[in-house]
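Several structures are given next for inspection.
Look at the two complexes coming up: chain A is in both, with chain B in one and chain C in the other.
Entry: the complex of A and B
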């Protein structure tokens, strides 16, 4: 027990140090140290090792995305190829570049997976894997494993299942978690790189027996935490998507494995 | 099938007809359509034409199907997440099929080929799907209809089995989707339809789990802990407390026949469905083909249904309840069927004469047998009298016999009984009602007659005179007998 506490202490200490260091070097990205987390579909306590990465502290905003469109006119509202996005791409924008100025700092939505991934690529980044995203989202306000923070969990369930606020508020308007990352819950859904690797059949009660370890709903036989309803909702949402889908409340943020200077924001 | 018949020659056609006539004449057991055959693929027949299903909001149902052939039916159902009232001053974000809880009522015919369009409104937050219990096939359509907000899914099925079926969302976490109101009913009418009735209604029970206790106002979020423990704050018919009361009561007129299509969405509780003041003439057990008669209360499992039929004979307010009765009294599981029209006193008289219940001599005798041996000596009488007084009299006349002025007359120093033991005996054995004056104060209430033996009356009065007046009055059992009417 003592050695465990000692280890935790060291990890926290290192983490704080890194935190401080990266505060300076990466204004808009947060370093997430290598570590373990318990995926939703992990069976019993099968913790997963996640390598270190940097993650955007906020979802990508309309303004940031408009800069990308300026540099990449192919991804304009009217130019985007149907192969890469369904109708409705950037439908909340007036045209290729302009949108209601009040939405400047709100997360960009109505974005297909292809568009989101392209944006990240152009920044020298990529979309986070579901594991990376979920690892960050698993943090509470006071610890890397927020599952024991009851008030926080109840808040997450409430904001995850309640109606989408309209207009969508600015980034940084919900909560900043233990890692220093904002808006993992309660602002918009976010794309992940492998969103459909956990594809459920859509039949939440049947997946337990489908041979897939990734998704199981009703029975929850293979879920690590059957009471993590917000995670079930997120996995269900991702599983319902195709890469060309555009949703009014689906945005994204990027990650990278190395330091990236974007100089924006 | 039809085509093959048409190429048959006349005499081949004649043989089966001939056989049928013979069988019908035998008087033996006839083959019924509803017999317990396994497999209903014979229901898959030629499809003629196409129509768009008319959907209705609860408590209404689409009109009966009059066609006598199978057709292609197009069903358009839209999923809408919206904040609505769960009770007065209490709101909840419901996830709905068609904007109501329960969802739109779908009515098709056995053998119909359904093209089902499930549309997830773009303003919605979550993916959804639909599992129709009427569907034969993977997940009841759940897998085929899994759809993100802003998208539409389409699948087809043939309604092989007739019956009243529940549909619901089956997206993870499935309990939460159902708890938020994602259920409804689809009726697959048997070939030949259901018997004609005057009124048809759609009622569906559901349990709800909120952060706040029952009645706590404001927008109440779903409470996962209570849902897992199966401890709902609300159990309601048609999505909110009072959905079927007051102006929204179900209506009928005395003499009409009524059919209720009743479902139970759950997610957790089974319903003890009961209609106060009516007996269900017919109950289609669990919404299937078997019928039961003269039923008071019928069980409806979560994810199940029933059809009840009855004739309303007399006017009145007939109350629909879940007879697991605390749910009706404290959690909202209550609705009203308001019947107007002519009274029928022969069927139901109403309250005839208000009155005081005076127990019969038989009851008094039964009572006597349970008592022990009578008291004999004065001391024994006073001791026994105290016990009898404390049990039978003290609640009104109080332990000190002083009564309550103008409400319960005093026994102590009472000019009504002082020196008039017969009056006292009469009051005890026959009861007393109407106006009397005691010590100058008027009393007008009712004293029921007391179920005491003659000996007990002697004891209690001996005690009263002894204790409250300091008088030793000799009352005999003969005196008591004489006073009894």
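Entry: the complex of A and C
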């Protein structure tokens, strides 16, 4: 059954490849068949079932985001409401529409969760859940579970812990994984829909003293794969984020339950 | 739990028609609101109260709001958060209370129906200055993120969550957040009185 699903995924992937054409290619989505994955904090081998979905094969680029801003001027660099983003939103852009042309195909960064969420919504998509994102990121180059691919893991560790190249390279410049999805590692961090469900580190921004009272619950979170340093880093980053935050190395991509054709008119 | 979450996603997706998000926002922006760009009343989501009224958060404009997220099945922290809010209420004089709205926002959008929320309000003897509200999963997530509340859905159907009481000024801006449980309400009362 599983291999059948993979085959379907591969066929869809090939179809996408055939239909891909330059600009439109960046709007393509990759089918991810239903399957199991092991979340980082899952105790022992508590695999989670993830339903099938489509995911953007690349992070959203500056060019793509500029098209969104044109249609939604409220989300311009100088127009965005403070409720939805801290200062620094699109700070690498010159103004509401222009940016260094070399960044055209680079992932858009300096984006708040609200902005990412609204972008996806306006495409008829949504942000991936952390589980969906991590399921795709867990894939290696040859299999859906990349944990056994030593060379790949070495590479992920290296790119995750090294400084980000400046300017940020174009999307599609790192690696394409087993699913056919690009840049899950080594380009930028990415927002997830439920990034705010990571509670393990506690509320470090608050000024309250006693940690145990800050959260209702907070039961023992146990990591399944303690060797997955990059996953710990992503988890820690998500724990530290607020939805209004903008970072120079935090971008996003979208997902949907059905394939969305977003080739621009 | 994963089923709940998938449902949540379905809810999130269902009302989205192509471009609809963009239009509604443009319409909202065109209205002459006397609120800043940090006001919670920029959110145009619809909320259902324990009395089955449907309103936008903007309905609370002009009042000082003392708000917290909760869920009625919560056995540990939520009753204590509610008690902390009641401590704030008890610390105010009857005249002062007139200008304050107490608001409980559920994160359990499936189980906290108006009937269930009404029951909670009665069990906890919450007076007529209290409203309990729920919305869609997406709107709840948006509000949680505006408030900086972290929510982790649990396998058994509950939630781990931040314990924060938020105080909003009449324009809907967050002026103070009381974090933790069993906190002395002194600072919150001070912040409220600054606005009276």
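The working rule: the second predicted complex is superposed on the first by the 216 of 265 C-alpha atoms of A that agree within 3 Å, B and C clash if a C-alpha of one lies under 4 Å from a C-alpha of the other, contacts with A are read in each partner's own complex, and residues count from 1 in each chain.
Here is the rule we use: a residue touches a chain if its C-beta (ideal position, glycine included) is under 8 Å from a C-beta of that chain, and two chains touch if they have at least 3 such contacts.
Just so you know, these numbers come straight off a predicted model, no measurement behind them.
Q: Contacts for A:96 in the overlay, against chain B (first) and chain C (second): which applies, first, second, both or neither?
A: After superposing on A, A:96 lies clear of both chain B and chain C.
Q: Of the partners chain B and chain C, which touch A:83 in the superposed model: first, second, both, neither?
A: second
Q: Touching A:161, do we find chain B (first), chain C (second), both, or neither?
A: first
Q: Determine, under the contact definition given at the top, whether A:176 touches first (chain B), second (chain C), both, or neither.
A: neither
Q: Applying the document's definition of touch, where does A:248 land relative to chain B and chain C: first, second, both, or neither?
A: first
Q: By residue count, which of the two partners contacts chain A more extensively, chain B or chain C?
A: Chain A has more residues touched by C than by the other partner.
Q: Could you look at A:72 and tell me whether it touches chain B, chain C, both or neither (first, second, both, neither)?
A: second
Q: Determine where on chain A the residues touched by chain B overlap those touched by chain C, and list them.
A: Common to the two interfaces on chain A: residues 203, 205-206, 215-218.
Q: Within their complex, state which residues of chain A touch chain C.
A: 48-51, 71-72, 74, 81-84, 113-114, 117-118, 121-122, 124, 126, 129, 131, 193-194, 196-199, 203, 205-210, 213-219, 242-244, 256-257
Q: Of all residues in chain C, which touch chain A in the complex?
A: 2, 5-6, 9-10, 12-13, 16, 18-19, 21-22, 25-26, 29, 36-40, 42-43, 74, 76-78, 81, 141-142, 144-146, 148-154, 158-164, 177, 179-183
Q: Within the complex, which stretch of chain A touches chain B?
A: Touch residues, chain A against chain B: 88, 154, 157-158, 161-164, 200-206, 215-218, 220, 227, 229, 232-233, 235-237, 239-241, 245-249.
Q: So in the complex, the part of chain B that touches chain A is made up of which residues?
A: Residue list for chain B touching chain A: 81-83, 93, 122-123, 125-127, 129, 131, 138-139, 142-151, 170-176, 180, 211, 221-222, 224, 228.
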